[in-house]
Amino acid sequence: MQEAMIKRAKELLTDGSVKRVIGWKRGEFAYDITPAVFESAEELDKDFVFDDFTSANVSKYLVKESKKEGKVLVFLKPCDTYSLNQLTKEHRVDRDNIYVIGIPGGPKLDIEKIKAKGITGILSVKNDNYTLKIETLYGEETMPFSEAILDKCASCKSKKHVTYDELIGEDGDVLDSDRFDMVEKLENMTAQERYDFWREQLSKCIRCNACRNVCPACTCEKCVFDNPNSGVENKAASDSFEENMFHIIRAFHVAGRCTDCGECSRVCPQNIPLHLLNRKFIKDINSLYGEYQAGADTTSRAPLTDYTADDCEASIVHERGAE
Amino acid sequence: MQVNENKEFQPLIVAFCCNWCSYAGADLSGTNRLNYPTNVKIIRVPCSCRVNPMFILRAFQRGADGVILCGCHPGDCHYTSGNYFTRRRMTLLFSMLDFLGIERDRTRVEWVSAAEGAKFAATMNEFTEAVRKLGPNRRLEDLRCRKQ
Amino acid sequence: MNNDTLIPHVGVVTDIRIDTPDVKTFRVVSPEGGKVFEHMPGQCAMLSTPGVGEAMFSITSSPTNKEFMEFSIKKCGCLTEWLHAMEVGQQITIRGPYGNAFPVDTELKGKDLLFIAGGIGLAPLRSVINYVRDKRSDYGQVQIVYGSRSKDDLVDYKEIIDEWMADPGVEVDLTIDNPQEGWDGHVGFVPNYVKELKPSTNKTVLVCGPPIMIKFTLAGLKELGFTETQVYTTMELRMKCGVGKCGRCNIGNKYVCKDGPVFRFDQLDALPDEY
Amino acid sequence: MLKISLSRLEELFAAIAEKQTLYIPSDRADGAAEFTKWEPGKALTQKLNTLRSAKDFFFPQTENIVDFKMEGKNIQVIDQRSEHEDFVIFGVRPCDARSFTILDKVFLSEPVDSFYKNRRDHGTVVTMACSRPAETCFCGTFGIDATEPEGDAACWSDGEDLFIKANNDKGQAFVDSISSLLEEGDTAKLDQVKAKTKEILSRLPLANLSTATFGGDTLNEHFNSEKWAELSESCLGCGTCTFVCPTCQCYDIKDFNTGNGIKRFRCWDSCMYSDFTKMAHGNPRTSQLERFRQRFMHKLVYFPANNNGEFGCVGCGRCLSKCPISMNIVKVMKALEVK
């Protein structure tokens, strides 16, 4: 797959139809992959990599890159294409300055899950037919592939590319995934249990803003949290209220626009399951205002910028759910 | 949250009232000599959809025990569709607060037209009682703002 | 526990003088009277109104003035806006002094001095000018070149006319950017005016003003034959702690609040051009 | 050297906790290790290092400096400081222990930061040598010997016993306070474990990362290198690397109006944030390249220049594993290295 991508990228570079290629660059180890912009065939040959660890959603870089002169080629997995559609709908990217090659999604690996098993001193990770052979300083370790899959891939919602100019490999289709199970589990808890669960999770937050800076739906020029007189501390974990407020308001600002790409939970240094907040909004919107998948198209109105005369009343929240 | 002489818990209620209907409704309940608890602090907003979720959370941060958002009945909003957006926005916000385990009955949306002075007073009385039963807001307050 | 430099003292504003439409000079004394702390010319202090903000301002009064400290503040941000709205008697918090000072007792002693200031840049230099005038015998000839956008943008205009121009040993050359009726003095930018005046090259120069003016003034001085070791300036970057710990006011490895704000130009050239 | 059997750790912790509050690294619900207050039954983690460094104990993420009461035109300054309680941090790794000496150089230099000093004087650091370093470790590059940790008192484990030795008088006081539980023991087996660890340390992938081309006087050489553009192009400008780093010392001072007074507090700040140097009339670092460059120049050039050659990094590897896009100081050093 990687060779096919490099070959195609080089062709497009040499025949001048694209100026830059956004992809992934090899790191020091097997798993520390960095998104990067390639401008020449040599760079592609030297550093370009596409394997089980290239899980970063690079669509947010297009906000900057698509405004530069000359077309940019980008490789997008199915879940990334939803983010690009959402960015296109909101006119944050110049879509015709972008050439999209759809690549197969395929579950990606999470190095934290491998390390959580006590495996350390990792030198290389080989995947031969779904068992991982991990070579470490302390000998060889093996681990089933399925146990090291990223959370966002484990509850993958679709293998369908919703926007592409070209495809490598076939297109998949929308899957019905179990992504709302954990949300339902939480909803059935009592209020005290839910409060304790979220207080324990959100109190770990160190306010590093990685979730906001990686989120393709969070592309405001100036974020409300960076505005000092918004009254929210954007870098201090000074009170439990601040943590609650930051995460409620951030989830609220992407409600109806979040494509559930799972990047926020992937990058959180404190392993907080932030995707559950966004999925709660998605589940509510689906149940109250009709099935809606952000990024599925570039024309529909986002649920929170739309209304119908017979929407339910806000008191519906008070009637349902256990106390 | 003040506790007056008869030691009964007096909740602090913040009411966002839309200028065209609910605020006039509150005014009407005043001119009709209908009384509603003094714990209710009214904040006038041009339309119910002017209320940003941050305002509601900030009210809780600063010691409010209940927040009620009053607006025009759907259909006769002065800006035609303001309250429709409010309805969706607040439904999702209240559902998220509930998801985080914060008591559901501390927040409410009520449609009160300019002619419904009685309904305004009744709603405020009933909401204050509901919040009084819940007790002080401990789950969404900022400890630094707690009155010593 | 000993007091910490981050914990401020209280200061009372006893006099507010309106110098220009956007610059006011505030006189600050300790609530019990007298100065809150001693300082050297060129040093600065952190003024603050709790809840609004805290910022570093150069102390524009000379250390030889024993009763009070003065700050000339230009309105350009939320804190300065609040300060401009103050009335006499309002208390603010003040801590300092921070930064090194102009080397008045070492390199500058006995030298002929040339002060070049632009707009609000006169504030830090005024402290040195008045210090030099009070210790006149320790210094040689003093020349002041000061320019601003327009006549009513000249800070401390009254003091310049009444005291500095009246002082025999001090030569004052004023200029404004473009002609204005009621002004018969020189018209033109400060850097060009300096080139016209052709000051003798054995003078030690103290420059302060907007960065663009400093850049062109330095170029002009080099043309006239001045070396970088003769020219001093005072920098301004965002400061929070004032003691070189909060890590934000650095140019290269030098902290403006601790190793500055006064730098000699050869020291500045050794640093990357990040300001 | 004095030792105690590993099976009696619980007893040891109980003895320590009697006199002073004890913090040990233990596993959290989500599997990561974290320093928490010891309670009976709380086990020591087997993980190599905690997710958040022990910097929190001396330089917490947020800390009240002073309170103000505003009455009309008058301000009342309320100094809230109080003597900190004595506490012991057990199981600090050698890299984190070195980070305290780096922070000391900043906060204990003139004028002394009384908040930091208050905690530092009351804290006893008991370090634990490493025996299973990870591939992201490169403490050797900065002259840290993972088998001979610094800190007030040092501990080693050879699988059966826990050996303990005091490094300074505060450490000696600590060892004396628990000497009743300790007994003399030979260190033959321990020396084997140390040798084995040293052998692994030499085989680490980043073992021969060198700091030769960096240091206090290499400023011009690196500042205008054109590699910064390529290195910083995919940086998101979040604060993760600075907030998990044990040696980052930058802080911000902010006011919070509580409705009945003003609280001035200090909180961690990150040079990667866009408002780090933002002033009313401008911002000298507007692009992410400048901010990115500042972070690594500070650790590799500016800090050594101001502290006679000591680097601002301890090679703990946290930024390697926590950066959302896996950009870190190792990649910067390798890119800027002059062969």
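Of note:
Each chain gets a letter, A, B, C and D, in the order it is written, and its residues are counted from 1.
One rule holds in what follows: a residue touches a chain if its C-beta (ideal position, glycine included) is under 8 Å from a C-beta of that chain, and two chains touch if they have at least 3 such contacts.
The model shown is predicted, which means the values in this text are computed figures rather than measured ones.
Taking the mean of each chain's C-alpha atoms, the chain closest to the overall C-alpha centroid is D. In terms of C-beta pairs in contact, the better-connected of the chain pairs A-D and B-D is A-D. We define each chain's centre as the mean of its Cα atoms; on that basis subunit A and subunit D are separated by 30 Å. Taking each chain's centre as the mean of its C-alpha atoms, subunit B lies 47 Å from subunit D.
In whole angstrom, the spacing between the mean C-alpha positions of subunit A and subunit C is 51. Residues of subunit D in contact with two or more other chains: 252, 256, 269.
Looking at subunit B, residues 142, 144 sit in touch with two or more other chains.
Residue positions of subunit A with contacts to 2 or more other chains are 238.
Chain contact summary for the complex, subunit D toward subunit B: residues 256, 258-260, 263.
Against subunit D, the residues of subunit C that register as touching in their complex are 1-10, 50-54, 76-78, 80, 87, 89-93, 236-238, 240-241, 243, 245-250, 252-253, 271-272, 274-275.
Residues 65-66, 68, 70, 73-75, 77, 79, 81, 83, 106-107, 111-115, 118, 216, 219-220, 223-224, 249-253, 255, 257, 262, 264, 266, 269, 271, 276-281, 284-285, 290, 294, 298, 301-303, 305-306 of subunit D are the ones that touch subunit C when the two sit in their complex. Within the complex formed with subunit A, the residues of subunit B that make contact are 53-54, 57-58, 60-61, 74-75, 81, 84-85, 87-105, 108-109, 139-144.
Every residue of subunit A that touches subunit B in the complex is listed here, in rising order: 186-187, 191-199, 224, 230-232, 238-242, 244-245, 248-249, 251-252, 255, 277, 280-281, 284-285, 288-289, 303-305, 307-309, 311-318, 321.
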